[in-house]
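Across the two complexes that follow, subunit A remains constant while its partner is subunit B and subsequently subunit C.
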Partner chain A sequence: MQQLIFGLANGSIYALMALAIGMVSSTTGIVNFAHASVVMMGAMVSWWMMVIYGLSYIPALFVAIAVSIVLNIVMYETCVKKLGDLQDNVGWIITLFGASIILDNIARMLFGTEPQAFPYLFGGKMVTFFGANIMLHELMMITIAVVIGVVYQTIIKKTRFGRAVRAVAFRPATSELMGIKSEKIILSCFAMAGAVAAIGGALIAPITFASYTMTYSIGLKGFAAAVLGGFGNTKGAFIGGFILGLIEAFISIFVPAGIKDSISFVIMIIVIIFLPEGIMSAKFFNRNLSAAEKV
Partner chain B sequence: MEHLARFTLNYRNKAVSLVFMILLALIPLFIANDYYIHVLITLGLFIILSLSLNLVSGYTGQLSIGHAAFYGIGAYVTALLMLKLNLSFLVAIPIGGLVTAFFGLLLGLPTMRLAGDYLAIVTLGFGEIVRLVLLNWDKVTRGPMGLPGIPAPELGSYVFMSKIPYYYTVFIIVLITVATMRRIVNSGFGLSLIAISQDELAAEAVGINTLRCKIISFIISAFFAGIAGGFFAVYISFVSPDSFTFMDSIMVLEMVVLGGLASIPGSIIGAVVLGLIPEILRFMAEYRMLIFGALMVVIVIFKPDGFWSAKKRMRNAIMKDLAARKMIDTKTVSPRGEYIEGA
Partner chain C sequence: MLKVDSLTIAYGKTEVVHHVSFDVKKGSVVTIAGANGAGKSTILNTIVGLHRSKEGSILYKGEDITRTAPDRLVSKGIRLVPEGRQIFAEHTVEENMLLGAYVEKDAKKIRDRMDQMYDRFPRLKERRKQIGGTLSGGEQQMLAIARALMTGPDLLILDEPSLGLAPIIVKDVFKLLTEIKQTGVTILLVEQMVDNALSISDYAYVLETGNIVFSGTKDEVKNSDDIVKAYLGNV
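Now for the complex of A and B:
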């Protein structure tokens, strides 16, 4: 039971990262390799707000969200938009890795190299649940992730803005002709990804400790989750994230921690080879869907 | 007349590169400073790495960001062969290269079918898997402690004591790499690779076995990365997983892109420039990586084709040719073949 909750909690972070990576990739077609650094910045800023400025958890989180949104927008304007043609992936792969190096080093200089203890939600209170000790924080992680997922899904499916996002994701040039300002849609997707990144960062920081390298391996697993579920597929991102978290939690019973990490990448490679569009693309899951409905 | 001009030009190019090579070979006689020789040796390593990645990412157009994994495999295999089996470095480094090439085949077989971004992510994952295995396979790799005490190379009774014999070794390896890459690129096989990078579907249509070509280029690239790794292990006499992180992969890719994709002189220039930047910025160690990251963004945005782009030079040559044949307005083409706006 403990393992199950722990796996789901970690999985929810992977899911949030995969979701944010998916938001960006569905509208622009790029894979945001700098996302992990933005997550780290979100965590570090909220830690800073809490410890240095003495804010409480929620206001600190809001500051972090604002900072991450600004970071993501600046990143889009400098590293992505300036390139023009995004079909050629050499350009954005290098600029985004460059952005991630810049963010990591800014964090190192501002916050130092020492990993910092980050407060748990509810002060790390434990509850006993079916005879297992579970931290309330972990339950909150899962809840918040699912709420974000549901809210995002509702926005995408039900609102005017959501329809515009889907249109841009499906046919960018055509939707531009239909009067959708795809530039604005892409910007707001980057902003949303930034907000989700900050929340994810603040949630994972108590477990990994807040430091400038905290998302080094989690970031790569966010990609693994995104690949598992299929890029730009919201439901897939969650399924991929939770599956990855659960597999890791149960495998860690049998194998040492280092091998556990490499197993997620092996799974990712196998999925890419056999189902490049993610497990949600398997025929079993979408029998009657048109391409535009898969976002 | 035209023939003669071309001949002398060719001849001049050859003479220039020969003089350049002799100068490089004589450098240790003028520079006694160990630090400078050390920097030159690292530059040599970077040149081998960027040339090998250039074959896959430049000429074949398959973006790989896990090159440090091959570098690391080569280094560890060479180190283990020399430590456990007491093999000479002359045997151990090539075996290291071959083992790495085998890993290139293993990774290439399934992944070379993938397009663009997916290949980038898979190679990224592969690099991480290799690093984690090196870090956690305690019995063989001693984990984070690494493998120290790789014996200094011996040639008969001559033992490598100073840095100078290492310089000549890496010099020879670089020459072999450049020569091999030139032969490959100028062969029919090389043309197939370029065709694949331009338009895979069209290449397939004219009868190129694209999958086979891609895998072979991947294997050759892995082989040379492994050789570089082997030399690194011998030279530093210590290997640990820290030297083969994905930052190193990004750095090598950046060298290739900075120099200009699909260009041998470009890769060499990129390796030299990016290899020197950390050394020049050494006095401001705190900001070194920050500046490095900023340079990556700035260079790609303002010079997307790199410093020595083969694509651009080819385009310029065609423009010059067209202007010479009066097929386009000569006023719109500069003497270097560049298009003049508004002329």
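Now for the complex of A and C:
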């Protein structure tokens, strides 16, 4: 039970990262390599607000969300939009990696190199859950991630904004003909991804400690989860995150911790080879769809 | 209604449309005939704001719209039915229609329009919960037109509406366009072969490699042997 919750809690962070990466890549076709750095920034800003300005967890998180949204918008304006047609060039690979290095170093200068303790939600209170001792914070991680995932899917499926996001993802030029400002939709997606980044950062920081390197390995696993789900498939990416967390948690019972981190990449490579479109493209998920529906 | 004056359009440094001028009078149907690659889509995309012209001007209802953004043009009453229909294949039929009404904020107006469209296109009503990609070519063309009509445009522009459709379906499409014309909508359309288009047109232009080489009424076109040979299959 403990392993299950632990796996799901870690998975919730991978899921949130993969979801945010998916939000951006579904509408722009790009992969935000700087996302992990924004997650880190979100955590660091939360920490700063709590330690330096004495805010409590939630208000600090709101400041971090605002900062991460701004960061992501600035990143879009400077690293992505200026490049013009993203189908024609891959300059964004360089600019976004660059942005990630810049963010990491800014964080190092501002906050120092020492990993900082970060408070748990509910002061680290433990609860007994099906006979196991579980930290309430971990249950909150899972709950918050699931709520965000469900809310996002509902927005995407049911609302006018969501219809427009899917339209821009599928045919940006035709969307313009409908009167949708593709650019505005893309900006909203970057902003939403920023908000999700800050939340993920503040949730994982108590476990990893807050530091400029806190998302180095988690970040890569977020990408692994995104690959698992299929880039641009936000639902798949989200589920991919949880699956990855679970697999890791259970495999770590049998293998030494050092090898644990490579597991996600072995899984990622296997998925890329056998299901290049992501796990959601597996037959199992598409039994009831006709070929045309998979366009 | 629409006055295009000396329009020059380029992709990068390559100029593909050269000083093209034409007029579309209110309530009329105007056809531009031209072979593949002549620059028809380029001109239409420029009118609706998807592409910037290099020189020249576009006037709509007397107003300069040369640099106006696509969403503003939709609100002003110009709609393009793009080449190849470009249905949102993963959206349902109803969602496609709602996307067509994206700039309309009044829910009741959207509902009324939708009902009108369903009256006119019972097939779309039957299939409103299906995703766009499952429709046949003809149904997709109907959906593309219905989607454009969702904002009640004054000027409907169609890029090769007969492309890839069986002759019998093409007849339906042009019958529909005649009906739309009768509701007072001005129509500009481009085609490679203009047999059907000409039968509903008041005026026609011929575009060759980015230049207008001929303009005239329906009868003037039919009396020009060269044009008949190049752009009419069987009249």
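Just so it is clear, the second predicted complex is superposed on the first by the 283 of 295 C-alpha atoms of A that agree within 3 Å, B and C clash if a C-alpha of one lies under 4 Å from a C-alpha of the other, contacts with A are read in each partner's own complex, and residues count from 1 in each chain.
Methods note: contacts are C-beta pairs under 8 Å (C-beta built on N, C-alpha and C of every residue); 3 or more make two chains touch, one makes a residue touch a chain.
What you see is a predicted model; the values in this text were computed from it and never measured.
J.: If you count the residues of subunit A that each partner touches, which comes out higher, subunit B or subunit C?
T.: Comparing subunit B with subunit C, the partner touching more subunit A residues is B.
J.: Contact-wise, after the overlay, does A:R166 reach subunit B, subunit C, both or neither (first, second, both, neither)?
T.: A:R166 contacts subunit C only, not subunit B.
J.: Where does A:K235 make contact in the superposed view: on subunit B (first), on subunit C (second), on both, or on neither?
T.: A:K235 contacts neither subunit B nor subunit C.
J.: Tell me which partner A:I180 touches in the superposition: subunit B (first), subunit C (second), both or neither.
T.: The answer is second: A:I180 touches subunit C but not subunit B.
J.: For subunit A, which residues are in contact with subunit B within the complex?
T.: 31, 78-79, 82-83, 89-91, 93-95, 97-102, 104-106, 109, 217, 220, 223-224, 227, 256, 258-259, 261-262, 265-266, 268-269, 272-273, 276
J.: Mind listing the subunit A positions that touch subunit C in their complex?
T.: Its residues touching subunit C are 160, 163-164, 166-167, 170-171, 173-181, 290, 292-293, 295.
J.: How about subunit B: which of its residues touch subunit A in the complex?
T.: 57, 63, 65, 110-111, 113-114, 116-118, 120-122, 124-126, 128-129, 132-133, 135-136, 247, 250, 253-254, 257, 261, 286-287, 289-290, 292-297, 300-301, 304
J.: Enumerate the contact residues on subunit C facing subunit A in the complex.
T.: It is residues 48-50, 69-71, 74-75, 79-80, 82, 86, 88-91, 95, 98-100, 102-103, 131, 133-134, 147, 151 of subunit C that touch subunit A.
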